[in-house]
Amino acid sequence: MKLITAIIKPFKLDDVRKAVSEVGVQGVTVTEVRGFGRQRGHTEIYRGAEYVVEFVPKTKIEIAVADTLADQVIEAITKAAQTGKVGDGKIFVFDLAQVVRIRTGERDASAI
Amino acid sequence: MKLITAIIKPFKLDDVRKAVSEVGVQGVTVTEVRGFGRQRGHTEIYRGAEYVVEFVPKTKIEIAVADTLADQVIEAITKAAQTGKVGDGKIFVFDLAQVVRIRTGERDASAI
Amino acid sequence: MKLITAIIKPFKLDDVRKAVSEVGVQGVTVTEVRGFGRQRGHTEIYRGAEYVVEFVPKTKIEIAVADTLADQVIEAITKAAQTGKVGDGKIFVFDLAQVVRIRTGERDASAI
Amino acid sequence: MSKLSRLLLLCALTLPLPLQAVWADDASSASSAASTVTTVAPAAAPAAAPTAPFLVTTDKINSGDTAWMLTSTALVLMMTIPGLALFYGGMVRKKNILSTLMQSFAITCVVSILWWAVGYSLAFTPGSTPYLGGLSRAFFKGVVYMHDAGKVSVSHLATTIPETVYALFQATFAIITPALICGSFAERMKFSAMMWFMAVWLIAVYCPVAHWMWEPSGWFAATQLDFAGGTVVHINAGIAGLASALMLGKRQGLGKEAMAPHNLTLTVIGASLLWVGWFGFNAGSAVASDGRAGMAFAVTHIATAAAALSWMFTEWLTKGKPSVLGIASGAVAGLVAITPASGFVSPDSSVIIGVLAGVVCYFSATSLKRALGYDDALDAFGVHCIGGIVGALLTGALVSKEISGATGSVLLQLKGVTATLVWSFGMSLIILKVIDMTIGLRVTAEEEREGLDISLHGESLE
Amino acid sequence: MSKLSRLLLLCALTLPLPLQAVWADDASSASSAASTVTTVAPAAAPAAAPTAPFLVTTDKINSGDTAWMLTSTALVLMMTIPGLALFYGGMVRKKNILSTLMQSFAITCVVSILWWAVGYSLAFTPGSTPYLGGLSRAFFKGVVYMHDAGKVSVSHLATTIPETVYALFQATFAIITPALICGSFAERMKFSAMMWFMAVWLIAVYCPVAHWMWEPSGWFAATQLDFAGGTVVHINAGIAGLASALMLGKRQGLGKEAMAPHNLTLTVIGASLLWVGWFGFNAGSAVASDGRAGMAFAVTHIATAAAALSWMFTEWLTKGKPSVLGIASGAVAGLVAITPASGFVSPDSSVIIGVLAGVVCYFSATSLKRALGYDDALDAFGVHCIGGIVGALLTGALVSKEISGATGSVLLQLKGVTATLVWSFGMSLIILKVIDMTIGLRVTAEEEREGLDISLHGESLE
Amino acid sequence: MSKLSRLLLLCALTLPLPLQAVWADDASSASSAASTVTTVAPAAAPAAAPTAPFLVTTDKINSGDTAWMLTSTALVLMMTIPGLALFYGGMVRKKNILSTLMQSFAITCVVSILWWAVGYSLAFTPGSTPYLGGLSRAFFKGVVYMHDAGKVSVSHLATTIPETVYALFQATFAIITPALICGSFAERMKFSAMMWFMAVWLIAVYCPVAHWMWEPSGWFAATQLDFAGGTVVHINAGIAGLASALMLGKRQGLGKEAMAPHNLTLTVIGASLLWVGWFGFNAGSAVASDGRAGMAFAVTHIATAAAALSWMFTEWLTKGKPSVLGIASGAVAGLVAITPASGFVSPDSSVIIGVLAGVVCYFSATSLKRALGYDDALDAFGVHCIGGIVGALLTGALVSKEISGATGSVLLQLKGVTATLVWSFGMSLIILKVIDMTIGLRVTAEEEREGLDISLHGESLE
């Protein structure tokens, strides 16, 4: 099993969720994060004091999938989250040692 | 070493924290997340406009443990977080390549 | 490739970001989290009702790096985030199976 | 719970009779006091003072008094929305904030309509018994302004301002009283049940009690000193709050889960607006823009400051830190306690009232509640009922004949207080029980868990 | 869009002429009504009533009336900042909250200066035509208080209070009207464009329409019943809102992305302060602290409560849940609808007005908007224009001669309403079009995505 | 730091003497002006004007004046809680919001009690020297309302309203002045130290300065034009703020960490309530509901709008974007600057005052602060002291004899300003130094890091 983590632009969340649903993903976990990278932040000024806000709001989604589904999901995310502009984000893929569904105690494949 | 990640119902956090403490866990990191899965969200209506909020508030906990402790911790979480209703959440287990305690620079086992 | 995750004290974020930039890191993802560990929380009292807030605000940073850079980054973080007091936090290192840059579809090394 | 309530239901049903018996001859026994006691109308009445609202020519209206009463009415409305709504709203958990605001707002609306329909008439016109007013002013019948004729109706309780203004001023009191009760059953009551409860409670409890204390022909009007509603508003609401806390039971997870206030900034805004608005409440109760209003104004402010400090220091001493919620709660306790006293006591006395109110309410909202174990969530009972009693009794002890022309006694005060406690507690239990047996009082466990904002109103705070 | 607007631009440019033709002889045909109609000055005028502001000795000033009007002015200012600012601010997305507050605040400032410079004079002094006032009071020339001489200027519309107070009271109306428009184009307009639009709109639309309805020599002054600005303020602003919603187009992602209000606590605070402040708006429009003010006060409160409940129950029935946004919106709808009627109708009638306003505005803000497809973001059109029309017409139907000394008719009301609708809609389109062709109306797509707080003002909410 | 302060301690201790020497004969040298100058009581005094509070029969009370003063008092209280509390609270970091609100609230309470005890008497009764009042009104002794006797006490500064109302009105000024100082030492002062500082400062600085300027026998009463407290309130508080910023030192991490305001919505609410409440502050300072109050009202509003725009445009030009914090700060700067001028100048002049105040305060709150390097966290000095000086001097230049019956000069203004600057700065340093040496002024580094909400008050915002 793999855990696919994607850092995307927040307004793309709905598109991505739909895209991965279509390839068969049944669960997604989402976190609000801030990202620092090639995309620049913005400047705020309060009574003359300038603050460079270097971090940009991003959304992190995590999806646990069977190995077989991984590539499809990665592709679906890439397509749905792409705007072509700097800051579209990254996908990180990890090996998952084990998965448990808390409700039933099911493990691995059947737990996803 | 393993990193055990659990997505649970927010109101179960205290129970889970206590349960893992009992089996010897000394540190936990917690993140507010939103989950999409079998459990349905809710609908909000503002001046006639309906918004289906598909994501449910969830809490993610992360616990780094020695391999030997992993199964016990997983069991403790499963038991403490279970309500038996859809949406109880998942446990994801990862292999940890390395751990460092920042304060002391200690590594791996002694850093947890 | 590795994903380096560090749980640090929030006010150290800027220092850490600068430190890792200096050793060549180009992207960082940051999450507000709460931590439970050796460092104690605080007590709040509202009309006589005492609430022990056991969790302390922490900041989680995630950095994907090439294997070669990993040690340097770990060192940079350790140095920048250290105050020497309990609660300085942890670094967790994971193996990254794959990385994709969404904007270009680039993979792995060139995607970081 | 259900046993207790069945018992109380029974005894409450038979309540009016013994009460009547016990106090029946109070009015006469206190007649010596009666003649010197004026509760809200400070000016000496002319030969044959009117006993019901009447028409006057428009030149009888005092524009200064009217200006102050218009302002006071706006101020007292502001006490409930947004004042009280925010004071309470800041103390609940984030998932229940909108439902808490909704309670104050909806009560404002429903009470306003009922007040126009029957409430004003039942409270502020003479009735056939001293227990309740008549229906002569139902639907504001006879509450008029005649442009070409140059006439306007006035209340016999406030002869220098238009009756519309007096009726509206009193409406804002009728609004805030039920809204105060919400503090006790916060975070768990069904909205529909709350609406029914408040509508019935207004007619069955508020109107009679207001009539008893304030309408000149009312049961305690001649003996009770209640300048601005310590008994009518605060004791009345507070004890009804206790009844509802008992009937509804505790919030899920109380004592186990953290139930820390989600946003004390809102609570501070609320407490501040309550303080500001309370000038309208207390000084407005002089129904004139005169020296008595000024004195009521001054003692209100001083007592509030004293109570806020006394709560704060008590907490600082006992718990180690002075808290924002503490000082704000203390201010409200002071405002409550000075309410009945405001037109009757001197600045010196107001300091005493304030200091005592702060300390007593601190303990009632912390120790007493814990000791007895009811879940008076936001301390409507602990602050308003207890603070109201402190104020009512001290009014009897500290009343200044120089300032008010009136005399009183702790014992006389105790009678009106007891009647109110018994009636309001009993009737509240009955009404709540009936609602519980029909549509149910409490949201389901799952709705409570999810939060009332989403489950009851389909809305949430980002 | 651009075709439509070009068309409208054309027709609007030629608009004043036909309007003038069509209604030219109204004033005379309605003269029988005219003699009995008094719009804002309730007291019968003496022999030769002044037709322009004039000097009086200071003893002619009524301190009670002045006290109430000073208070009313403060209340109406509070309606815009922070009232309306918060009411709107709570409904937008978090990334646009500060820009929304900024609109109300900046409008307050710019209108105040323009009002002093020319606005007051154009609206409230007689001009050479019935369509616009003169410039005799430009820069408050002649608006004086003379300490040693013991003299003070008064407006011919309010002879018992200093002219400064009347001019300021009216300034607060001139402030809130443009601020209301912002609801329609929320979350997408450039700040610079908004500033230009509002400045021009004030002079080109607000001042004339206020003059038509209220200045005794104005076009509709003798025939239109508009006690506190149902037409001048609400219809006027609401229809200009529709024009701006059409000209600016929809917000990006509307119907696709969630655009849920980010913080309804702010909206409830705002609605509450609007309610409280509206007492100054409506009862203040009596320009006196008297029985008529009292009646305006009472009906305002009752209608508001009725409308809030009627919106809430309509929503409860049709959507299954009563919402906080709903009850607050209903209250505002009621306040809007009772505005023109407030000094003219009885409490009974106010209930009718309130109930109808709640239901009608509920449907206009939900179904109508969806059906027609414009993006009236916060329903300035749906609530203020539609609610204003409901109120204006019902005022004609329900006016009480006893209360107001005036008569009226739905038809007469319709004329003033139509003139306002046409003029405000046409002129708004023209002004917006010109701005669009010069500096542009709308922020870029990326600025809109990022949020106006950061992109326009360089600030954000944590 | 400690060297500097030791120096100042010394010189401040010896300060009263030289001050006395330097200005000793001002009162006489300015006597020609004195006879034509009236500061707050606009009406011509009868033959032998009373020089101390006295008793009148209740019919001497003007109900309209009283109504406006009751309202004004409520408005000015609202300026501090919640107005100023929110204005400041929104600008700090989230971890310090509650402690910031707590400062305003606790100051309100402690000043109220001290005002009743001695403050009112020290400031507003004649004393044995022109530097401080007596103790005849300590504990409000003699501040009475006699119901049966039909008598009421009035202040010699306000003979048409009850003394209670005047004393309370002035209490709200005494409350907001120390509360303003908090802006300078925000986010780092111990609560206990702050309480001591404010209590002592009220007696040692506020009461004397108020006496100097306003009590007819005061040092500058005959020469200084300070209608509503430009010097007494704003310069006084602002310079004390500078003293505290210097004594406490900078916040940890200043210039390194982001210290962006956490919630400008609160700041906008605060600024709006300050604006609304300031009508009570300035127009209320006429102590009557008359033409002068009206004029003060009008110029206050116009100057505020002008200053808000002038700050906004200055920022827009120099920094590229108009900001919400900017326009709100500008409004406050305008309110500050027009305060001393409000009963003395014409609307035209008020525009000048507003525009200048906006520009000057913009630069003092941005460039000056950066240049000099003190950490005046929320610009109490930059806006209130600098804005107050702008206003005080311009009052001397622009005073209208027609409006006020008074004359003045920049030079005369400068004297009162300088005396206030020196006394307030010196005494503040002394008081702070003493507190620092006893209980300590500043929280520990770790408490500051954790936030004052949790470390001082054991509470936090979710």
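Chains: A, B, C, D, E and F, in written order; residue numbering restarts at 1 for each.
Note that in this section a residue touches a chain if its C-beta (ideal position, glycine included) is under 8 Å from a C-beta of that chain, and two chains touch if they have at least 3 such contacts.
Just so you know, these numbers come straight off a predicted model, no measurement behind them.
In summary, the chains found to touch both chain B and chain F are A, C, D, E. Over half of the residue-numbered contact pairs of A-E are shared by just one pair in C-D, B-D or B-E, which is B-D. When the interfaces C-F and B-E are ranked by how many C-beta pairs touch across them, B-E comes first. Centre-to-centre separation of chain A and chain F, using mean CA positions: 53 Å. Averaged C-alpha coordinates put the centre of chain E at 35 Å from the centre of chain F. Contacts with at least two other chains are made by residues 62-65, 67-68, 71, 260-261, 269, 289, 319, 321, 323, 325, 458-460 of chain F.
Looking at chain A, one finds that residues 31, 44-46, 53, 94-95 touch two or more other chains. Two chains count as a pair here when they touch; such pairs are A-B, A-C, A-E, A-F, B-C, B-D, B-E, C-D, C-F, D-E, D-F, E-F.
Contact residues of chain A toward chain E in the complex are 11, 14, 42-46, 53. Chain B contributes residues 44-49, 51, 53 to its touches with chain E in the complex. Contact residues on chain F toward chain C in their complex (touch as defined above): 253, 256-257, 449-450, 454, 458-460. Looking at the complex, you find that chain D touches chain C at residues 91, 258-261, 319, 321, 323, 325-326, 329, 365-367, 369-370, 379. Looking at the complex, you find that chain C touches chain B at residues 2, 6-8, 31-38, 54-55, 58, 60, 74, 77-78, 81-95.
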